[in-house]
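Each of the next two complexes has chain A plus one more chain, namely chain B in the first and chain C in the second.
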Partner chain A sequence: MRVLRIVSAFLRAAILKETAYRAELVGNLFRSVIGIGVAIGGLAVVFSHTSELSGWRLEQAMVLLGVYYLVQGIVQTALSPSLNEVVSEVRKGTFDYVLLKPVPSLLLSSTRRFVVWHLADVMLGGAIIAIGLIRLEAQITFGVAAVFVGVMVGGVAIVFSIWLALTTLVFWFVRVENITMIFQLFFDTGRYPVEIYPFWLRQLLTFVFPVAFITTVPAQTITGREPLVAIWLAPLIGALALLAASRFWRIGLSRYTSASS
Partner chain B sequence: MPPDVSVRDLVKHYVVPERTGGLRASFRSVIRRKHRLVRAVDGISFEVDRGEVVGFLGPNGAGKTTALKVLSGLLHPTDGQVDVLGFTPWDRRAEYLSRITLIMGQRQQLFWDLPAADSFLVNKAVFGIDDAVYARTVDLLTELLDLGDLLTKPVRQLSLGERMKVELAAGLLHRPRVLFLDEPTIGLDVTMQQRIREFVTAYNAETGATVLLTSHYMADVKALARRVIVIDQGKLLYDGALDGLVRRYAPHKTITVHLEREADLPDLNGQAEVLSVDGLQITIRAGKDDAPEVTGRLLTQLPIADLSVEDPPLEEVIDQVFRGEGP
Partner chain C sequence: MIVRRATLAGALALTRAEVADMFQYRVVLFLYSLWEVVHPIVYLAVWGAIAGDGDVGGLRLSDFAAYYLTFMLVSHVTAAIEIYTFGPMIQQGELSPHLLRPMNPVWVAAARNISYKSVSMLLLIPVWIGLVIILRPSLTITTGSAALFVVALVVAALLSFLVGTTFALLAFWTTRSFSFWEIWIGLTFLLGGQVAPVELLPGFVQNLATALPMRYTLGFPIEVLLNRLDSGELALGFALQFAWLFAAALVVRAVWRAGIRQYSAVGA
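This part shows the complex of A and B:
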């Protein structure tokens, strides 16, 4: 209950803050729409030359793209603003104020900032998934939908964990903005099914930097394609990643509290 | 009643990378870093009772801020025991953190683009402050700090002094019992410094909170703290009443005389030293023990309009302490 009150207080402040900058809101909505439009156009061009891409049809690839934007929207709305704040606060020294609050630092550090207009990506992503599924004439049973949601939650947990782990490096290196850029680089590969990449990269994207679990696997489960790996692996890896990342955070934090000045 | 704050043999050492200037040295340090040990706090002990206001004095880098950070749980000490309100600060228990506050004059916690009132609501949720208590506290702080409509303006539109006032209020919403104030008046103009001081005094009187503060400004310490702790290079040099510090470290008195008309100074027997002659005003420094005799001689041999005997300014005394002069 307390957690909910804290998060909603932050959410309230974030909405107030964003609405203070209306021009930015409109500008960014515009950017989201254009970005997604270009991505769909790109798919259309590729599929005008072929009817299948590594076994994926246009509609299935659209669903995957929708998943990509959905996750990207969630990350940019709720996860990256807070974690980026940690990076800048550690440098400025105001991170001390986070540690002075009677609430677990990880909770505060990951729920403090929201950039609400990125929800546009979430909605557009959802819309593309819906259009793809309708054109596929897919029969979505309750069971399939539930599995999809479970796999998605696992995927978001993986993204969050990777981002958190990269952010935690700030306790050693102080300047880590560039490291989170690396994440975006890998994450961008998630616009396409991992099957299109060469073997070694596919392995890398499945087992080392598990982008496959973030977009390919959810899209497979809901479009009825043969899954790349066992589906239950997604939430399992998500949970393990969260566990590992939060432990890493604690190690980083103990370094901060014993070494900073 | 046990003391609110109890510190025993506190030690905090840092290992910091050492870098000499120059491009070549910079390149070398990327490959192989040299490290240096900084003894920020090097074995200090003291106690602070409930409701006391204690000033931490010391030059830059003396270890004042480090000590406050250990006390508020931000840093793990290298050695020693600390007990505040029965807690070990660096365990960072929620019960502990909701009973203390650390307010840093140079670091802001409020949302920059929003009115402070919105940041306050976040703190209210984070500290789990009850609605009624919250309303009462905001009223009290508004009155003591004369906040007026400052809470409804975006923080970025406030002046430095106004911002410090709302920062103070933000740090006190949860009614902490122990306040750690690190340079609360830094960068403020004299009037605003005065206001902040009056506030701390009033808050201490109103709530009975224990206050430990550091400051560069002697005026802060003089106005607020009856007791001072002087630290230099991580060591405790003095702990006691402010006037005791002056007595102990100021072996001189300053005698200022105003003459009715021009006159030659009598022979001072080397017991005193003339610091300045400015028209009819003469300033003389005499040893503490010699001061009465010198004063007597001045009074009998000069046409005096006015005479005063004072301790030297606190700044000078502190300066002397840090240079290792005095007894």
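This part shows the complex of A and C:
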């Protein structure tokens, strides 16, 4: 309960802070619309030469793209602003103030900021998923929707874990401002179904750097495609990744020596 | 364009300093270069998956490999980074000291552009060679196409730099120049030869892509190198590329003159 109260207090404060920059909403909405419009244009070009891409129809690929933007929006709203702050605080030594507070450091470090304006991506991603599903005339039962949400939560947990693990490297290397680019690098391959990649790359993107679980598998569950792997693997891997990443965080934390010492 | 010798010497000195500066950030630059490799691989995979053992509009898998491998180098050489390097200078008032020097600050942007590319090219080349070995592109390059390629590539890089500078200069008026830049990036993605070689775009869009400048900053040099154009298309392409270069030079000049008149640094 106490944890929930703390988190909601953080969220309120973070949202209040962001409302000072209202014009950001217009700017971000504009950029999201352009970005998604261009991505759909790209799909249109690709599908002008084929009716299916590794077995995916245009509408199914659209749903996948929607999932991509949904996750991207969640990352930019909740994940990256908070965790990027850790990187700069460790460098400056002001991470001391996080450690001094009577709240688990990981909780504090990952819920401090909430850039509401990036919810534009989440909304547009959701809209594209909806449009794709309507055009597929998909029958979404309550069960399918529940499984989809479960798989998505697993995917987001994987994203959070990867991001956290990359951030944790700051305790060893200090200057890692751009290390999370590694995530974006792999994540960008998730705009298209993982089946399009050659065998070795597909394995890499499924088991080593599990982008497949972040976009392909959720899109498969909701569009009724045969899933790539057993879907219960998604939440399982998500949970394992969370455990591993928070363990890694604790190891990293024990190396923190503040600045100047 | 007439460039005075003193200016040229100054630009050279600037570039040397910027190269030394860039070497500090080699790890970041390496990550940036990897990024330039990832996107072409995604689209190579897309078209490869569609082509399978056959072809798409006459292009086989090995042709796509050749296209997107060339793409990696061309997009690196022609990348416009001015919105990151020059725009912030204007926004944060760092332009002021450069205005006191006896040469146009646009040379600073040019020096950064060249130093960024030359340092990160050194990091990109090994990755690229590895990919060539894995992907086995089918390359039929003739001396003629290679010579024309060099011309097309240099003009593309210049054109791209001028366009990038124009968007960066919008920082004189607005803090949202990034949003405008993203429109350009999006159009280049669709019409410049990134999502697909221009020859694969549907009819009407293909005509649009041929007329607009985006292709001439990216796709055109690749098509020239890979002999995808007949002599008529080549002539038209070069004519349009030079025309756009000329137009872009005029635009940069006009925008710079208008912008500098109302520049007031920060806090003034």
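To be clear about the criterion, the second predicted complex is superposed on the first by the 257 of 261 C-alpha atoms of A that agree within 3 Å, B and C clash if a C-alpha of one lies under 4 Å from a C-alpha of the other, contacts with A are read in each partner's own complex, and residues count from 1 in each chain.
One rule holds for everything that comes next: a residue touches a chain if its C-beta (ideal position, glycine included) is under 8 Å from a C-beta of that chain, and two chains touch if they have at least 3 such contacts.
Model, not experiment: these values are computed from the prediction.
The superposition on chain A brings chain B alongside chain C with room for both. Of the two partner chains placed by superposition, A:Gly224 touches none, neither chain B nor chain C. Of the two partner chains placed by superposition, only chain C is touched by A:Ile196; chain B is not. Within the superposed three-chain model, A:Lys92 lies in touch with chain B and out of touch with chain C [touch as defined at top]. Between chain B and chain C, the minimal CA-CA distance in the chain A superposition rounds to 11 Å.
Listed in rising order, the residues of chain A touching chain C in the complex are 27, 30-31, 34-35, 37-38, 41-42, 45-46, 48-50, 53-54, 177-178, 181-182, 184-186, 188-189, 191-192, 195-198, 201.
Of all residues in chain A, those touching chain B in their complex are 2, 5-6, 8-10, 12-13, 16-17, 20, 92-94, 96-97, 99-103, 108, 254, 257-261. Only residues 27-28, 31-32, 34-35, 38-39, 41-42, 45-50, 56-57, 176, 178-179, 182-183, 186-187, 189-190, 195-196, 200-202, 205 of chain C touch chain A when the two sit together in their complex. Every residue of chain B that touches chain A in the complex is listed here, in rising order: 14-15, 40, 65-66, 69, 72-76, 90, 92, 94-98, 101-102, 104, 107-109, 111, 113-114, 118-119, 121-122, 124-128, 154.
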